[in-house]
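In the two complexes below, chain A is the common chain; its partner is chain B in one and chain C in the other.
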Partner chain A sequence: MHDQPTTAIFYRLGSFALVMLGLAVTIFVLARVVPGDPARLALGPAATAEQVNALRHEMGLDQPLVVQFFSYVGRAIRGDFGYSLVSQRPVIVDLKETVPATLELVITSVVFMFIVAVPLGVVTARYRGRWIDLVGRILSLTGVTIPSFLFAITLQLVFARLFPSFPILGRLDHGLGFSSGPTGFLLIDGTLAGRFDVVADALKHLALPAFALAMAGIGQITRITRSAMLENQRKDHVLTLRSFGVPERVIVFRYLLKLSAIAPLTIMGLEFASLIGNAFVVEMIFSWGGFASYGLNAILQKDLNAVIAVVLVSGLFFVAANLVVDILITLIDPRLRHRGSR
Partner chain B sequence: MAAALLDVQGLDVFFTTYGRKRQVLRDVGFSIAPSERVALIGETGSGKSVTAKAIIGTLPNNATIDGGRIALEGEDVLSLSRDRREALKGTAFSLIMQDPLSSFNPVFRIGTHLDDVMRFADRRNGIRNGKAARRKRIAEVLRRVQLSEPERVMNAWPSELSGGMRQRVLIGLALLHRPRLLIADEPGTALDVTTQDEILNLVNRLVEEEGMALLLITHNLGVVRKAADRVVVMHHGDIVETGPTERIMKEPAAAYTLSLLDAVPALFGPKVTDQPESRGVPIVTIRNLDKLYGRRQHRFHAVKNVSFDLRKGEIFGLAGESGSGKTSVARMVMGLTPPSAGTIEIDGKAAGDRRATQIVYQNPGTSLNPRRSVEQTLTLPLASIGMRGAARSARLDELMQLVRLPRSYLGKYPHELSGGQKQRVAIARALAAEPRILILDEPTAALDVSVQKTIIDLLLQLRDELGLTYLIISHDLSLMRNFCSRIAIMLRGEIVEEGRPAELFAEPEHPYTRALISAIPVVSDDEEHLKPKVTETERQRFLVAATQ
Partner chain C sequence: MAELQMLDPNEHAVSGRYRLWWRFSRNASAVAGSVIILSVVILAVFAPWLTPHPKDAGMVVDFLHRHQPPSAEHWFGTDKVGRDIFSRTVFGLRISLLLVVGVLGISVPSGAVLGLCAGYFGGWTERIIGGLTNIMLAMPPLVMALAISNLLEPNLFNAMLSITILWWTWHARLVYNVSKSIATEDYVEAARLSGAGPAHILFREILPNCVPVISVKTTLDAAFVILFGATLSFLGFGVQPPTPDLGTMVADARQYLPEYWWEVVCPGAAILYVTLGFNLLGDGLRDMFDVGS
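Up next, the complex of A and B:
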């Protein structure tokens, strides 16, 4: 019919490219404006002025800012983010090692969020005002208000005390003798290698940090799902189905849920930024060795190439997550596919 | 009465809100014979919809039935088990909801709704139908409601169908299991006049062909005359009168019924009011007005070459159905949107003086901010023209007097006011900055008939007292017949006919005008005979024109 989902998606792709460009300009300028000479920092106080100048020339820091920017973008697109001053390796190599760890954590926690929050939102809306609603609402309020680092430390302490054998640090038990494979995702690499003991152990390691990270989102999404369900169940179309005797479970889990999924999905896209932010802290607490802790180190050490790369990759995550959300919402809601309609 | 299909006796229903119990139905009793058509009429809050919900079993959770009996073919449905009660839905009685636009879940295809309704009704009644069999029956039903391409309709999303089409699908939904009683809640009222008429004809024909009984819930007495054999009049949860339609229309026994009948605006005959023609100078001059929305392939030509004069002191009506461009014209006169071409002059100057024109919107329930008291609502326009202190307070008094509301109402909030009172506040707000021209956007459409009359009377008095000029936009020609001094009929962005109401109704020239007038439901046979005659092909032509 008049469906044009592809046009809408291309339009969004274009606008997201613009967002990325804007982000690149901002972070690049910021990184050059902050005080402190990266060349001096890299060489240490003992280096002579000639040595520093030589390095500055080598790093291109003596070029005009615009030239620096475009040559940087040109290289970045090819995957060259320059050398990390701290690790003394190309930044891209560091990213390849650390990004999968973070992605694995973040994706697991998003899955957690939806598995826990959506049913909780549906149930609290369905039994509004009963005890289960109260419990759910207290739970979601707790999730929203408690900072994730506090939650992470609490989880660690409680598990260390009650289940001493449960892993509270790292991604994998070193005793298994498994180092990451082609993708860097332990769950995928473990499955590919047929090492299901690795997969099980990785899941055990993932549980606590992913849950700590998901907690804030669980609170948000429960609340949003609940209010969307409450709003939609008063609509005429629900009464219509009810008056024809369509069972309540079908009305709730089929008709209402799909319609009410739009709001939490939108929120998820926006929440993704704070999810990445929280990952910085949670990774530190659980010694995750992911890209967030790498970024944190880079910031503390003023490792400019690494900082810029980390910010760009975070931005890319955010933009990609929102693109996925937009595509999902467009698939759910046919009205968004009609261009030119009101 | 022998073998009633549905027999309601002594029904008492209460609603409990915040611990307070309120009776909404008091000793309601009536019966419907097989294939009889009964109308339940009454205004907002009369309990007519609650009665329908009690019958079907979809009362809200805070409702309790404290007494009475609802018998279907002699069996009390209130004492049935939950499952048996559920099994009656769609098979014994089916409900057609009022607003077809919101009656479908926007993220599911039309066919999904139909299939689910059919599947679960089948299952409850122990019928085994495969998906293909269901699809066949659904297509059959959609053809019965005159949707010629059932496959296309089933695959469509609700937002892709016009209001009239969605209304037809809703009726089809109700027919799926050949119910014995069809309950129709204000069928078609949310749609345009011509579509509404068409829907009513369709319901009438289906009821007759399928041998169903009909319980018609409506506030429109014209609809009652057309589609009911017997009438039950309700008022504040009580039944005030029951009787054959003809008798009720001619010699109502209850005073309330009489007041309802009196409030219906007449179209023809001695009860019609003719507004005098204005001899004033043109205050608004509109020439060759055009409005285009959108760009390139999405371009929509909303207003085409519209010209008219608004003379001082007159009431000019722009009549048309949704999408005819009447609202766009009003917005341009208000200066809310610029014309794409053409000129609007107010008192010889280009439009744009916001103080000269003000607007009263259709629904005071949404046009008033619920968090602002009447005083705050009225103060805003006064403050914007720099009025303060004692002058402002005096002006507030004056405004309240103008719209005949007591001064004490200044402290009230919208939810404490009735629909009519809210509309009075909206009128007072529009008058605050002393405009010369008032634009009335369906000013009575959201109100009950009896209240409509009081608002119209108030507007007429205000016109004389303040020397105002009105531009009213509406789809309700029966209202405009008695209220306007001139009417222009709009179709697809153009004015197709313009004239004095009496002439327009007596000898409509354009076929669309004829179609519009003939579609208005009237309350007496005499008026029915005076309506212009429209051929079936003509009617179809404009029905398509209006929905597309």
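Up next, the complex of A and C:
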């Protein structure tokens, strides 16, 4: 179908745009239809009928839903999500402030996940049935069994007891007198400003929440890497390499690992949705003050404009992560590179 | 191993059901998981008779005995208003299981039917159902569930509803893959040629092939639904007090850490226990049916 990888990627982009549109329809209908009158919600029970009607007109709520939807999408594409009822500021301003904090956390935890889980999966597959396999199995079972909030609380408690100097709340020590710079990512801003004390402190603050967030994924990815390694060992070309006497180290790292990275990458893409979900819990427990905390508050306060924006941006994260995964897989898998999309 | 080989030549002589039982009973993971789940089900069903203080599942207040450590009288200690945590935990397991039955009871069959149809009919049916599935999969489930259950009103039913709305997609996708690959098999073609209607083909020819995948996925899902429900109520969006819910109990007790650790640890351990049971059974079933991950 798609002869070139670029065509495949464009095809993917198109389908992702459709997905985003569908998501927008769903959340828009939900937020507009379910809770009753947004104008009434905004003004509170004390407002008169005239005031409510005036605001309805101002917000465009007296127009047909379809018209409302398309004008909303038009504005959303330009980054205009309307005003937040709670913060009394444009939602986009709130998002710009909070999204980098969450991205920093989520990306760190994804890196963490792969650094721990892929080697563990490789080792457990290599030494199948030995004690290290058992350790890996217990770890991955723990990862998928323990609720993220429980794990986060436990981490906090243990570290507060064992290493009292370890920060268990927030993103940065206020004593450093550093407020985030142009990107909002403390690690990047700190490096740009040459403040390596800030970078070090930000890393220290990141460690626990990122680990808490990564735990569920570590379990899954270890398991999947392990079974992919075991399965691919039986592939013909691997047997051929073995029979040619290619060293085991080369087989594992140059051939097997590459092939076996596809399954965990795919799962990573799909799991990204639950990663964002778990960020809501982890941010709350570690007082992270990112996008997820903002979203949680918006949902709690029924701040509709903010809720819609939060859901859309979460969806965008998911779609973007999957796009990255798709591109990575196309780069890794020679079969896909030559044949285009599956 | 020797026994297994002895049995193999006669394999056609033993009924399929017996063979399945044989494989099940040899699978430590599946057996352990089943024992755990069975114990939880028994506790949950007979909670009013098995718990020492069934009244504590409600709005009882006994300030004289608040924050008591675990003892012979209160196995898991008591909470901030003096209620027996063991009793509340058992009743909380009841809520968790109810959530599982409610969510999976609706989302698994509906997802399976949609997946079957998409895979077998192809064309526009496939495109529409596939598109819908893709859109739903892109929604971060927890975010959506939070939004839905709060836009409606946070309670057990709406939590169930909001999880169900998102959950069918995984099953639809799974069954779709199987159904798509089977739709062109000779025996399906044969059934069609001999005049079988679509209902017969879908449910009698194709569906049985999906049973292994569905049962593994459903078992593992049960654990996810419990975690999900607990997380929702931990954040304050699920089951509302005074109904005992494991997530709510952990959230309530968090402020009393670390002094009154049992108030967090016991309900937390209960969540772990159930989800471990479902995960062990799911892993065991996977080995038994030899379904890939």
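Keep in mind that, in the parts below, the second predicted complex is superposed on the first by the 332 of 342 C-alpha atoms of A that agree within 3 Å, B and C clash if a C-alpha of one lies under 4 Å from a C-alpha of the other, contacts with A are read in each partner's own complex, and residues count from 1 in each chain.
Everything below uses one rule, namely that a contact is a pair of C-beta atoms (placed from the backbone, for glycine too) under 8 Å apart; a residue touches a chain by one contact, two chains touch by 3 or more.
Only a predicted model underlies this, so the values are computations on that prediction, with no experimental measurement involved.
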item: Touching partner for A:Asp236 - first (chain B), second (chain C), both, neither; value: first
item: First, second, both or neither for A:Ala306, with chain B first and chain C second; value: neither
item: First, second, both or neither for A:Ile332, with chain B first and chain C second; value: first
item: Touching partner for A:Val91 - first (chain B), second (chain C), both, neither; value: neither
item: Which superposed partner A:Val19 touches (first chain B, second chain C, both, neither); value: second
item: Touched partner set for A:Pro247, first chain B, second chain C, both or neither; value: first
item: Between chain B and chain C, more extensive residue contact with chain A; value: C
item: Partner chain in contact with A:Leu259 - chain B first, chain C second, else both or neither; value: first
item: Of all residues in chain C, those that touch chain A in their complex; value: 131-132, 134-135, 137-144, 146-148, 150-152, 223, 227, 230-231, 234-237, 247, 250-251, 254, 257-258, 264, 268, 271-272, 275-276, 279-280, 292-293
item: Complex contact set, residues of chain B against chain A; value: 56, 58, 86-90, 94-95, 97-99, 102-108, 113, 116-117, 120-121, 124, 155-157, 159-160, 170, 173, 294, 297-298
item: Chain A to chain C touching residues, read off their complex; value: 15, 18-20, 22-23, 26-27, 30-31, 34-35, 141, 144-150, 153, 157, 161, 223-224, 227, 231, 270, 273-274, 276-278, 280-281, 284, 295-296, 299-300, 302, 307, 310-311, 314-315, 317-319
item: Complex contacts: residues of chain A adjacent to chain B; value: 1-2, 235-247, 250, 254-255, 258-259, 262, 332-335, 338-341
